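Naming follows writing order (A, B, C and D), and every chain is counted from residue 1.
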Amino acid sequence: MALTVSRTATGREFKVKDIAQADFGRLEIELAEVEMPGLMACRAEFGPTQPLKGARITGSLHMTIQTAVLIETLTALGAEVRWCSCNIFSTQDAAAAAIARDSAAVFAWKGETLEEYWWCTEKALDWGPGSGPDLIVDDGGDATLLIHEGVKAEEEYERSGKLPNPNETENAEFRIVLSIIKEGLLIDPKRYTRMKDRLVGVSEETTTGVKRLYQMQANGTLLFPAINVNDSVTKSKFDNLYGCRHSLPDGLMRATDVMIAGKIAVVCGYGDVGKGCAAALKAAGARVIVTEIDPICALQALMEGIPVLTLEDMVAEADIFVTTTGNKDIIMVSHMKQMKNNAIVCNIGHFDNEIDMLGLETYPGIKRITIKPQTDRWIFPETNRGIIVLAEGRLMNLGCATGHPSFVMSCSFTNQVIAQLELWKERGSGKYEKKVYVLPKHLDEKVASLHLGKLGAKLTKLTPDQAAYISVPVEGPYKPPHYRY
Amino acid sequence: MALTVSRTATGREFKVKDIAQADFGRLEIELAEVEMPGLMACRAEFGPTQPLKGARITGSLHMTIQTAVLIETLTALGAEVRWCSCNIFSTQDAAAAAIARDSAAVFAWKGETLEEYWWCTEKALDWGPGSGPDLIVDDGGDATLLIHEGVKAEEEYERSGKLPNPNETENAEFRIVLSIIKEGLLIDPKRYTRMKDRLVGVSEETTTGVKRLYQMQANGTLLFPAINVNDSVTKSKFDNLYGCRHSLPDGLMRATDVMIAGKIAVVCGYGDVGKGCAAALKAAGARVIVTEIDPICALQALMEGIPVLTLEDMVAEADIFVTTTGNKDIIMVSHMKQMKNNAIVCNIGHFDNEIDMLGLETYPGIKRITIKPQTDRWIFPETNRGIIVLAEGRLMNLGCATGHPSFVMSCSFTNQVIAQLELWKERGSGKYEKKVYVLPKHLDEKVASLHLGKLGAKLTKLTPDQAAYISVPVEGPYKPPHYRY
Amino acid sequence: MALTVSRTATGREFKVKDIAQADFGRLEIELAEVEMPGLMACRAEFGPTQPLKGARITGSLHMTIQTAVLIETLTALGAEVRWCSCNIFSTQDAAAAAIARDSAAVFAWKGETLEEYWWCTEKALDWGPGSGPDLIVDDGGDATLLIHEGVKAEEEYERSGKLPNPNETENAEFRIVLSIIKEGLLIDPKRYTRMKDRLVGVSEETTTGVKRLYQMQANGTLLFPAINVNDSVTKSKFDNLYGCRHSLPDGLMRATDVMIAGKIAVVCGYGDVGKGCAAALKAAGARVIVTEIDPICALQALMEGIPVLTLEDMVAEADIFVTTTGNKDIIMVSHMKQMKNNAIVCNIGHFDNEIDMLGLETYPGIKRITIKPQTDRWIFPETNRGIIVLAEGRLMNLGCATGHPSFVMSCSFTNQVIAQLELWKERGSGKYEKKVYVLPKHLDEKVASLHLGKLGAKLTKLTPDQAAYISVPVEGPYKPPHYRY
Amino acid sequence: MALTVSRTATGREFKVKDIAQADFGRLEIELAEVEMPGLMACRAEFGPTQPLKGARITGSLHMTIQTAVLIETLTALGAEVRWCSCNIFSTQDAAAAAIARDSAAVFAWKGETLEEYWWCTEKALDWGPGSGPDLIVDDGGDATLLIHEGVKAEEEYERSGKLPNPNETENAEFRIVLSIIKEGLLIDPKRYTRMKDRLVGVSEETTTGVKRLYQMQANGTLLFPAINVNDSVTKSKFDNLYGCRHSLPDGLMRATDVMIAGKIAVVCGYGDVGKGCAAALKAAGARVIVTEIDPICALQALMEGIPVLTLEDMVAEADIFVTTTGNKDIIMVSHMKQMKNNAIVCNIGHFDNEIDMLGLETYPGIKRITIKPQTDRWIFPETNRGIIVLAEGRLMNLGCATGHPSFVMSCSFTNQVIAQLELWKERGSGKYEKKVYVLPKHLDEKVASLHLGKLGAKLTKLTPDQAAYISVPVEGPYKPPHYRY
C-alpha cells in the first residue's frame, strides 16, 4: 500500500482520485448551493462574525457534492477543515477534487480498500505531530471510534505495556483499526489521549453512529460531548425518509436499469429509512412487503396497505430486497441461495453487515461476475441462478448513485453547522458534559424555516391570543419535546 | 328543559334517544367486536381475574358503537360504569341504547343542546349522594374540567361564601358549567371536593384534553394523576392519522355527496389529524393546500407535494375547508364571506371554536337553510352566496358520519383499558402523583401486537445476537423513548 | 300488490315513497346544480330555443338527485318526461318526490320488489292508451328490453295466437317481464308494436346495456336507433372510473363502517369500474388483489403494483370482495362459504348476477340477519361464520350510498342530453338507422370543456402552425377516433 | 467528417464507439433477456421454424440494450439485420458494440452529429449496390422519410433533371437529408426507387412516426404498407405510460441529482407520455401542473388532483419543465428567459422541436456552460440567471439515462417482432396495401399474456357460459376494438 499525500500550491494536503476533476466538481457544487438554502443562509447569517475562527474540524462523512457545500460553509464561518469519507464507495471524486483544490484537506476517493479507508480516516484526524481536531463531524462514528479505541489501547499500553493485537479479532475491518493504532502507538504512545483531551466534541449524523454514542454514554466510556444530529426532526424525518425515497430508486436504476413496476420488493425494516424506501417502491409500481421486529412499525406498514411478513416467507418470490435495519445478519447466504434468478439484493443502511457478504464470498463454488463497478452477479453452483448484489452490500444509494439530493441534505447539514457552532461557542462554559445531546426544538424549527422560502411556502402567524390558547410562544417552539411529527 | 332519568328492569339509570334501538345497536356492536382485536384480547387476558372489580368508572367519550365495545370491556374486567358523550352530535343512538339496556348507565343522545350536554356529564359523574367515580375515562377533558371547576368554586365558597356567577363569563358554554356547579353547591358544598379526594386518576384520550392537563400540571392545579393516552404511539399516530384519513371523506360524503376529485381543499394544520385529512383528500383526487404555523410540519407537507399557503391566499378559490388545529379562531366569518358559493366548511378538531360559528350566527342578515341535520347552508346577504357548514362547526366526522372505524379505535381504546388497569392497580402504591404520565413503550408495543394477527401480519424475531448488537431486549421495547415513528 | 298512481294538482301521475320529502329533495337538487356545470350549460345554451319541444321522453335510470337535474334539463329544453329507476334500491326518495311534484311523472322508490320495479317501468312507458315515448333514456336497457320483448310477443301472438308463458322461464325476473307483457297483450295486442313505430331512438348509459344493444344489432333485432353514451370518453373514462373511485368506499363506509386500511380486498375485474374501485381501496390503505380474464387489463394492474390472482387463491384470506365484471357467476356460494367471518361481499356492476344470491338464499340451513336495510349478515350453519352482503348483491354504491357524485354524473348526463338532442333533431333525416352509434369526438370534447371552468382549469390554445404540424383543427377534435386516453 | 466503416472477422460492417465494450454490453444484454419474457418467448416459439429466413431488416431505433435483445430476436428467427439509432444521444455504446461484434451490422454511437446521424441511417439502409431492405423497423420514421424523400427526388430528377437543392430549406436537419439524397442521385438515380419496390413494409414504433404515416396515407403518398405498432395497447398504454413513469425521474436524477420532492413541475401535455411523467413526479413529491389543449385530457388531470394551467401562468414559478406533446414550439426562448434560476427544462417527446433550442442558441449574449454531457446551463445576460437544459432538448430519458427499462420494452418490441413476422409472412398475399394497419386485438392480448408469468400473475378463465353471456370467445379477444383500457 503506497499511499502518498499531495499538496496544493498553498501547501494543503490531499489525496484524491484526480485533482483535474476539480472544475467539474466546482460546477456541481455551484448547482448544489442553489438547492441548499439552509447552508447558504448560515453563511449569510454567521459568515461576517467568523464564529468558527480558530476551530480545527475533522469530518468523516461521505465526500459528496453536498458535503462539499457543508465543508465550505464551515470554512466560510472561519474553521479549518480536514475530511475523509465514511464509506469506501461514497466519495464523488469531482467533489473531493474541488474541495482539495479550493477549501480543505481531503483524503477520499470512490472505491477505497478498507486499508485505504482507515488510512484516510487517520489522515483526517492528523493535524500534525501531537495535534488533533477541536471538533469532529461524524457519520457512523468511525472517527470517534478510532479515537476511543486509540485511547483504550494507549491506556492499556501505559498500564501493561501490551500493544493491541490485530490477530485477536475475527472482524477483518477491526483488524485494520488495531493495526493502525498499533503502528501509531510505537511512534507516539499518547497521541489519541492528547487528541481526546483537546476535543471539544463531536456532532454525529446517523442512527448507527448515534446508537454507538448512547451505548458509550450508558457504559460511561464516552470521552467527549456529542450532539446527536440524527434525532433532530429536520434530519431523521427528512434525510432518512425523503432522502431515501429519492435515492433508493436512483441507485436501483443506475445500477440495474430494472423496471420496478410489477416487481415484488421486500424492504427489511420500516423505520424512517424503510418508510422512505417502501414509499418509493410502491410509488414506482412495485408490490412491497415489509419485514419488521417492532409491532408498532409493523402496524404502520399495514395501515399503508403493505403486508408484513418474514424474509423466509418471501425469499423465493421477491425480485428486489433492500435492508434498512441498522442491525446485522438480515439477509444471509442461506436466504440468497433460495432467491430467484437475478434477484437484486442491496443495503441502504450504514454498515455492510446487514447482508452476509462474508457468507456469500466464501460460499463454495460461488462465481462472481462484475457487470460494472458496484454491480455484481453472484452465481450459485447448485442452481446456476445468479443474484445481483449492489455496492458490495454497502450503502447502495451512495455506492451506485450519488446519495441523497442536495435539498434534503441541506436540512441535515444545517443541523451539523448549528451543532458545530454550539459546541465551539460553549467550549469553555461547561454546558456540555461527556454525554449525548440533541439540539433544542427552536433550532430544529429554525432549520426547517430556512428551507421554506426556496419552495415558495408561506407560514401562518399565530396571534398572541391563539398562542396563549395553546400555550406556546408566538415565535415557537410550537410542539412539546415528545411530539412525533 | 325536562330531563328525566329512566331505569332498566335492574334499576340502572339511563337517558337515551330510544331504548328500542338496542337490538340494532347490539348487532352493530357484535360486528365491531370482530374489528376490535385489542379490546377482545383484553377481555380474554384479564377477564378471568376481574382486575377492575370494585372500580367505578365514569366515561366522557363519544358514545359510539366502538365506545360500546370499550365500555363492555371495562365491565368484563369487573368495573361498574356510567357514561356520557363528549360532543353534542357524536352519540350513535343505537349504541347508547344497547349499552343502557345491557351494560352501563348511559346519558347521551345525538343532537344534545349544550345544557343537555352538561346535564349528561353531571349525571355520569353522579354515583349517588356524596359519591363519585374512582376513575375517569376522558376525551377532551370535560369531566375533568367539571370537577376542577367544581373544586375551585367550593374552595372559593368555603373561603368567601361567594357562589360562582355564570353571568361573569362571556363564553356561553362556560356559563352553563358555572350554573351547574352553582346549583350543586347550594345542595352539597363539598361534592366535588369529595369527588376529587376519591378519584384515583383519569386517562385522557385526545390532544386537546392532554393540552389542558399539561397546563394544569404546569400551574400546579392538577388534582389527581392523569395518564395521557393520546401520546401513546398506538393512539396519536394511528387514531389521529389513519382514523381521520378514513372518517373525513366519510363525513364529507354523507353530509354533502360532493365529488372530492378535482376540488381544491384547504386543510388548516398538518399535525397527525391534518396529515390524515390531507392524505385522504389527495387520494380522492383533490388538490390540497395546507396552512401551518410550524415550519417543520410545513416542510413535511411540501415534501409530500402539498403547497403551504395562508388561508387568505386560498379563501376565495378553495371548495373545501377543514380545520384540524386544536387552536381557535382559524376560519373567521370574514373569511367565510369571501368564499365561493357552496364552499364546504368543517372542523375535525375537538372543539367548535376553530370555526367562528358565533360570528356566522350573528352576521347581520345571514340566512341559514338546514339541508339536513348537521348540514347547513348559510347565505350571506350581500353576495347571495352560500357556504355549507357541517355539524355546526363541531367534530364533523362524528357529527356527519360515525367517526373513526372500529379497528383503529381498538388501538386507542386498548390503551385506555391498559391505562385504567394501571391506575387502579397502583391506586394505593403512590406510583402516580398528581402529574401527567404516558404509558411505557412496552405497553404501547403490546397494543400494536394485539392488532397484527387480525391483519395476517407476521413479525420477525430478533436473535439474541442481533438484540445485543442494537442494545435492545429480544422482547422489546425496540425503540428509545424519543423515537418518532 | 296494490299499486296505485297518484296525481299532482296539475294532473301529472306519480308514485313515490313520500311526496312530503319534495322540499328536502329540492334543496339537494339545488346543491347538485352547482356541481353539474355541463347540464346547467345545456340549459343556458339550448333552453331559449326549446329544441326538445314536443318530445316525449321515458327514462329508466336511477332516480337520484343527479338524475333529477338531468330530468329538469330535459324539461328545460322543452321535453315532457316520465321516469322510473333502473334498480330496485337506487332511488333517492327525496329526489323522486321533488321531481314528481315539480317536473315529471315519476314511478320509483327505494326498495321496490321486482314486481314493483317492472310495474314502474311499464308505467314510465305508458303515455296513455295506444301511445308511447318518442325517446328513451336507458341505463342497463330494461325499458328497451321490455319493448323488444313486447314486440316479439305481439308478433308471435299475431302469427300463432300464442300468449307468452311466464312459467316457461326459470329466471324469476324474466317471468315478471313476461307476465306484464301477457297482461298487456290481452288488453291491446299492438301496444309495443305501435310504441316501437313511434320511437325515434334510445340513448343508453352503461356498459351492460350497450352490450345488449350490440348483440341485438349483430342479430339484426334492434328495433330503433341507439346512441351508446357509455362509450363517450367523458362517460366511461370518468363516471365508471372516477365515479366508482368515489362511491365504492362511500357505500362500504355507510353500510359497514369498516376500516379499509390494513384489509385485504379482492376486486373482480379491472376494467374502468374495477380500476376505480382498486384505486380507491389502495388509497384507503387496503392491500388490493385483482382477478381478471383479460391479459392486457391484468398487466395494467401489475404495473400499478396490484397482484393478479384468482378468486380461489384469495377467497379464504380476503376481507372485502367487490365484483365489477359485468359478467355473471363471479362469486358463488361455494366461494362464500370459504370466506373469513364477516368478510364483506358486494357488487358494483349493473346486474345482481355477479354474486350468486340465489345460491346463498337457498343454501341449506343458512341464516340471514339484517343489520340494517341493504346490509345483511348470512351465517353458514357448518361454520357459524357469517359474511356480510351489501344491497342484496345489487349495485352497492346506489343501494348503500347515493351513487356517483354530481360532478361526474354531469359529464355522463351531458352526453345523454346531447344524444337526446341529436336523435330528436335528426328524427326525420334518416341519419340514424337501427344501429348503435357513438357521439362524435367533438361533442365528447365539448362535454369535457363544459366541466373545466368549475375546476378553475385553463386550456392552452394551439397556434394554426402547431395545429397544422399535428394535423388537427385548431378547435379540435384533437385525437384520432382510436385514441385511448 | 471522416466516417469509415469497420468489419468484423466474418466481414460484417459496423461503426460504433468502441468495439471493446462488447463484453460489457453482452453482460447487460444477458440481464435484459431475463427481463424481456415476450421476446424470449418469441425465440422459443418461432426460432425453430426460422420464419424470417431470407428477410433483410433495417432498423432505425434507439440502439440500446433492450434493442439489442430485439435485434437478436429477429436474427434468432432467421433475419439478417442492419441497424442505426433514431436519436443522436440514445445509443448505449456497449449495446452497439456487442451487437456489432456478435449479431448485426450497427452504425450508431452516443453523441452523433446530425451529419453522422444521417450517414448512419443511410448505411443501415445500404444493403449493397442496388439493394435495400425487405423490412424496416422504424421509430420516428426517419428511415421511412429518407426513402420517401429519395423517391420524390429521383422522380423529380427523372422528370426535370433537377437535383435537390439543400440550400432551399431553412431546416438545418432537412438540409442534410437533401444533401445525402443529392450525393446518392449522382451515383445511382434509381436507388430509392428500387428500394421502395423491394420493400415489403415498415413497422413503426412511436406516436410521432405514426402521425407521419397517417399523413402520407391521407395524402396518398405512402409507398409501402405500414404497421402502426404504437397503437397496440401493449405498446402505447405501457411503454409510453409506464416506461416514462420510470425513465423521466431516472433522467432527471442522473443529469441533475435534483430533489424532486417539494418542487413545482410543469408537464406540457397529458397524453400517455404526459400521464406517466406526471405520475412519476407526483409520486416523488413534486407539485405537478399540466398544460393541455385537449379538454378531455385536461379533465383527466383534474380528476387526479392535478391543476391545468397555461405555461405562461407557471413559467416564473416552476422548477422543472417537461414537454411530452409531440408538437412543436412548446417552450420558447421567451419563456425560458422568465424562468427561475436553475430551472430544469427537458423534453421526453421524440423530436427536439418541442423546446426552442434554436432560439436559445441564438439568443444574443447567452452563455452556455456544459456541466457534463447532456447537461447544460444556459445563462441569460440580462438576468444572469441560468436554466438547465437536458440532452440538448432531445429525448432526455435516452440522452441522460438509459431510456425505458427492459420489461416494458419487451411489450413494445414483441409487438414489433409480431408485426415483422406478419408483414413478411403476407409479403406475397396482397393482404397489406399501402396503408397503415394496427395489429389485431388477439395479438395484442397475446403480447400481454407473454409478460404475466414473469410477474407471477394468474388469469381467471371464462366458462363457456360466461363467455356466451358477454359474447366473447373463451380464448379472447375479450374487448371490442374501441375499448380504451
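In this text, a residue touches a chain if its C-beta (ideal position, glycine included) is under 8 Å from a C-beta of that chain, and two chains touch if they have at least 3 such contacts.
Just so it is clear, the model here is predicted, and its values are computed rather than measured.
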item	value
Furthest chain, CA centroid comparison against subunit C	A
Result of counting contacting C-beta pairs for C-D and A-C, higher pair	C-D
Where subunit C and subunit D are represented by their mean Cα positions, the distance between them in whole Å	42
CA centroid of subunit A to CA centroid of subunit C, Å	58
Where subunit C touches two or more other chains at once, by residue number	242, 261-262, 285, 302-303, 307, 455-456
Subunit A-touching residues of subunit B, taken from the complex the two chains share	211, 214-215, 218, 231, 233-234, 236-238, 241-242, 272, 291-300, 302-303, 307-311, 313, 326-329, 411, 438, 444-446, 448-449, 451-452, 455-463, 465-466, 469-471, 476, 478-482, 484-485
Partner subunit D, residues of subunit A touching it in the complex	24, 27-28, 31-32, 34-35, 65, 242, 245-246, 249-250, 253-254, 256-264, 280, 283-285, 317, 341-342, 369, 371-372, 377, 388, 401-402, 404-408, 454-456
Residue ranges of subunit A touching subunit C (in the complex, touch as defined)	261-262, 282, 285-288, 302-307
